[in-house]
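Same chain, two partners: chain A is paired with chain B first, then with chain C.
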Partner chain A sequence: MSLKHMILILCGFYCVMGIMPLFFGDTDYIMNILIMILIWAVVASCWDVIMGFAGIFSFGQVAFYVIGAYSSAILSVSLDIPPVFSIMMAGVITGLFGVLVGLPCLRLAGPYVALVTFAVHMTLVPFLRGPLGRAIGSGGSQGILTIPPIKLFGLAFSSEQLVPFFYLTFSLTIICTLVLVLVIKSYWGTAFLALKDSENFAASLGISAFKYKLMVFALTSFITGLFGALYAHYVGMLSTKMLSMDVFTILMIMMVIGGIGKYPGVVVGAVITVTLSQLLAPLGMYRPLIMGAIVVVLVLFLRDGIISPIIGLLSSRRKVGLVEKSLKVSSKGK
Partner chain B sequence: MFLEIIDVFISGLINGSVYALMAVGLTLVYGVTKAFNFAYGSFYNLGGYFAWILLIPLGVIGGYFSVFFIAIPFFFIVGYLLEKVLISPLRKYDDWEMKVMMLTLGLSLFMDFGYQAIFGPRIKSLPGIIEGTAQIGEVVLFQQDIVIFIFSISGMLCFGWVLNNTRTGMAVQAVAQNPAGAQIVGIPKDFIFAATFAISTIMVGFGGILLCQKNFVDPMGSTDIMIKAWVITAFGGMGSIRGSLYAAFILGILEAFVGWYFGMIHVQIATLTLLLVTLAIRPRGLMGRE
Partner chain C sequence: MLKVKNLTKKFGELIAVNDLSFEVKKGQVYGIAGPNGAGKSTVYNLITGNYSYEGKIEFDGHDITGLPPYRIAKRGIARTFQVPEIFPSLNVQETIRVGSRFGARGGLDLKHSDEIMNFVGLEEDRLQHTGLLNLLGKKKLMIGAALATKPKILMLDEPMAGSNASEIADLMVLIRNINQQLGVTIIIIEHFMKVLTELTETLLIIESGSMICCDKPEIVTNDPRVIESYLGDSYAEDK
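Here is the complex of A and B:
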């Protein structure tokens, strides 16, 4: 996708999101949805970068998110570290963890990577619930219930006041999105794509698979951990329910709707999916049932996600404009 | 102490035999069609519910013998249709492996919560094939366990015979080795893909019927089974049938000993650690081909 379209779609998204609180600032229900859209959009973008661009079948995205959330919560609850610092530290911890997971994945073929990363996800549940997790302060199956809100310049950002928290998330989201766009459009992004298409050929051109694959693991898990931590301080409580297949599927629907490797697509996917998931929430246990069915149907029928038709529309309009201009020029000439 | 260790070993052996049955089915699908089935655990539960419906509300004549008899065509048809409707349309895309993973993951969620919606969230228990115990020396065995062991071993032998001695079985092997070449010599590739998927569904369905008598039918238990089957196939080497056979027994016994010595909560951590260590040393598993 060209940089122009990417920036156009992202700017449109953030401009609309930025002015939303002016209209819905009083409605907590909608503000909550908006904040979740911002958080999930970045988490899903990270997944798109690692899966769609670097071509690594990482199924550990939710695991990194939860690792970030738990580490920040444990740091701030057990060690009394102020949330601003604990969030940063959680990002670094998750980034290191990402490298740790990435190391064995370097030598593995596609499906094995999916299995190993998913295995990390599956191990987290018994780990956090078991005696080992309780020893480091995960609270066992009950979870952590008293996570302090973020305090910055004497202001408290919590779920009590949603508008300030929204803008905090918003600014962090913009920074991370900029980083991701820069990475995708820089030498790194091209290197990722080259490695995805043919690792041997890329290596022959002097692109180190080792370096770039670890880099993409570190970068995406760092950002994911950061947003996991932000989420932890937003809701104020955590449990291992975050690791359920339900959450994983929601993230996957964002990817399927947005299109894999069609970067700003997942952002649009996040908007649709989070809204849909909130609307379906009253259905209780039928919600995951419907979500599962949606994944099956979308994978079957939505080939490249919904972003391709949008791009097609944007470029065709431009083409029509050019044709009209040239027609005008030619008619003037006559 | 010694007797206890023997008991644990035997229970590991029995679990291992059923895992082997299921893992061989999974590795077959991956070896032949390169499709990555994340809904495998949900088919295990389908086996459990299938047996439950036939035995408890319907009360079929002949008990488990009729269950097994009806299960073969039932799971074959389910597997065949699923492959035809859901997986084969994806083959024309470049990134179809990723799409199959996503689709089957969605399917698994759909099936798990479907069971919960239809049968309720409570676990169901199945009657045993036979009750009673047998005694060899000082070791007491449940007859049920012996039957499970015999069934899964004979199921695997049967499968091995079909694969090596029938025309269909050899066609399956040919497609696994070289799909294009197999098509040139006139093997219907698409049919073989669907048939392989169907056979693996039969195997996991049988695994479900056999193991659910011991462990209950739990609508949310499918991820656990799926992870086990996946760990076994990756540990043994994907696509290698002998590798997954060894891996299933190693894992079954390891699981029994870890569960007995450290407690059940550590079982999953132990199996996954074993997997990670194995893959770090041998990236293609125990017997995987380069």
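Here is the complex of A and C:
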């Protein structure tokens, strides 16, 4: 996707999101949905960068999110570190963990990377619930219940004050989105695409698979950890339910709806998925059924996600504009 | 310029390359031929650092044994592949710039990249997505991207495979120009003996990973061992 289209879609998204609290600032239910859209948009974007652009079948995205959340919660609850710092530290811890997970993955092909990263996801539940987890302050199966809110310049940001928390998340989301766009459109992004398409050819042209694959693991896990930490201080409590298949599936649905490797399609995917998931919540067991049906329909009829028709529309409008312009020029000439 | 000494590669029980030694001089077009499965492409994979091996490889007076592929590319050894490798996510211009950005000393050189694109004859397809190129276009693109790394040696792996007569003639002109106009030393693996006899100054024939013969093409093609193991009696009779 061209940078122009990318910026157009992202500006549209952030402009609309930015004014939402003006209309719904008093409605907690909608404000909660908006905050979750912002958080998931970034987490899903990171997954899209590692899977869609770098072609690494990492299934550890939810695990990184949970590691970030627990790290910040433990640091702030057990060590009394102010949440502003614990969130940053959680990002760094998750980034380092991402590199550790990435190292063995460098020697593995696609499906095996998926297995290794998903194994990390699966081992987190027994770890956090077990004696080791309790020893570091995970709270075992009960979880952590008293995570302090973020305090910045004398202001408290938590689920009690949704509008301030929304704008804090909004600011952080814009910064991280800018970083991701810069990475995708820089030579890093080109290296990711080249390695995804043909690792042998890329290496023969001087691209180090080791360097760039580790970079993408470090960057995406750092940002994911950061937003996991932000979420922890938003909700104020954590449990291993975050590692349920439900969360994993929701994140995957965002990718499928938005289009894998079609950034920023995944941002649109996050808006639709989070909204649908909340609206369908009263349907109980029918919710996953309906979400699953949507995925099946999309995979069958819109394999590149819903972003492709939007880009097609933008491109065709531009072409029509160019044709009209050239017709005007030629008629003036006559 | 390139010295390969006692190169040996084993895949389990199979000896793919067996104590092979040869030297490529600066400015040469050096040919490698042999029956299918002789170990020709494996030799390329060893020189470009794709596999570990026994033996020693020196390039430009430096030992490059054990270096990873991307570092060998930065040293000035570029290669193409038997089955064209492309980046379907990138267009022609972007693919050639990948070579310049990551493989060339000094980083991205836009002027040189554009010159290379013209040199290989892809200037009209610059914004074309690589997946839409025909076979000849894909081969030229691989060569262009490799040249964008500003290599000292270009290793071509069966560049004529699957090409018709006019495409072969086109590629032969391109290879000759790369060698003569750009001053790039060339190693070429090929099955078309006509191509090898016309282009190369030295021809190495290998079978089962071992050298059978290495000399001028006119001498090699008359060597009884080469006729028996690779060319066949019909080739000698046709001559």
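We take it that the second predicted complex is superposed on the first by the 327 of 334 C-alpha atoms of A that agree within 3 Å, B and C clash if a C-alpha of one lies under 4 Å from a C-alpha of the other, contacts with A are read in each partner's own complex, and residues count from 1 in each chain.
Throughout what follows, a residue touches a chain if its C-beta (ideal position, glycine included) is under 8 Å from a C-beta of that chain, and two chains touch if they have at least 3 such contacts.
If you're wondering where the values come from, they're calculated on a predicted model, not measured in any experiment.
S.K.: Sharing chain A, do chain B and chain C clash or fit in the superposition?
M.R.: fit
S.K.: Among the partners chain B and chain C, which is in contact with a greater number of residues of chain A?
M.R.: B
S.K.: A:L280 contacts which: chain B (first), chain C (second), both, neither?
M.R.: Once the two structures are laid over each other on A, A:L280 reaches no partner at all.
S.K.: Quick check for you: in the superposed arrangement, does A:M291 touch first (chain B), second (chain C), both or neither?
M.R.: first
S.K.: Tell me which partner A:I30 touches in the superposition: chain B (first), chain C (second), both or neither.
M.R.: Neither partner.
S.K.: According to the stated criteria, A:V247 is in contact with first (chain B), second (chain C), both, or neither; which is it?
M.R.: neither
S.K.: Which value, in Å, gives the least CA distance between chain B and chain C in the superposed three-chain arrangement?
M.R.: 10
S.K.: Using the touch definition up top, name the residues of chain A that touch chain C in the complex.
M.R.: 187, 190-191, 193-194, 196-198, 200-210
S.K.: Quick check: in the complex, which residue numbers of chain A touch chain B?
M.R.: 51, 57, 59, 104, 107-112, 114-116, 118-120, 122-123, 126-127, 129-131, 245-246, 248-249, 252, 255-256, 260, 285-286, 288-289, 291-296, 299-300, 303
S.K.: Which stretch or stretches of chain C touch chain A in the complex?
M.R.: Against chain A, chain C makes touches at 48, 50, 68-71, 73-74, 78-79, 81, 85-90, 94, 97-99, 101-104, 108, 142, 145-146, 148-149.
S.K.: State the interface residues of chain B toward chain A in the complex, per the touch definition above.
M.R.: My answer: residues 30, 36, 86, 89-90, 93, 95, 97-99, 101-103, 105-114, 116-117, 121, 223, 227, 230-231, 234, 238, 265-266, 268-269, 272, 275-276, 279-280, 283-284.
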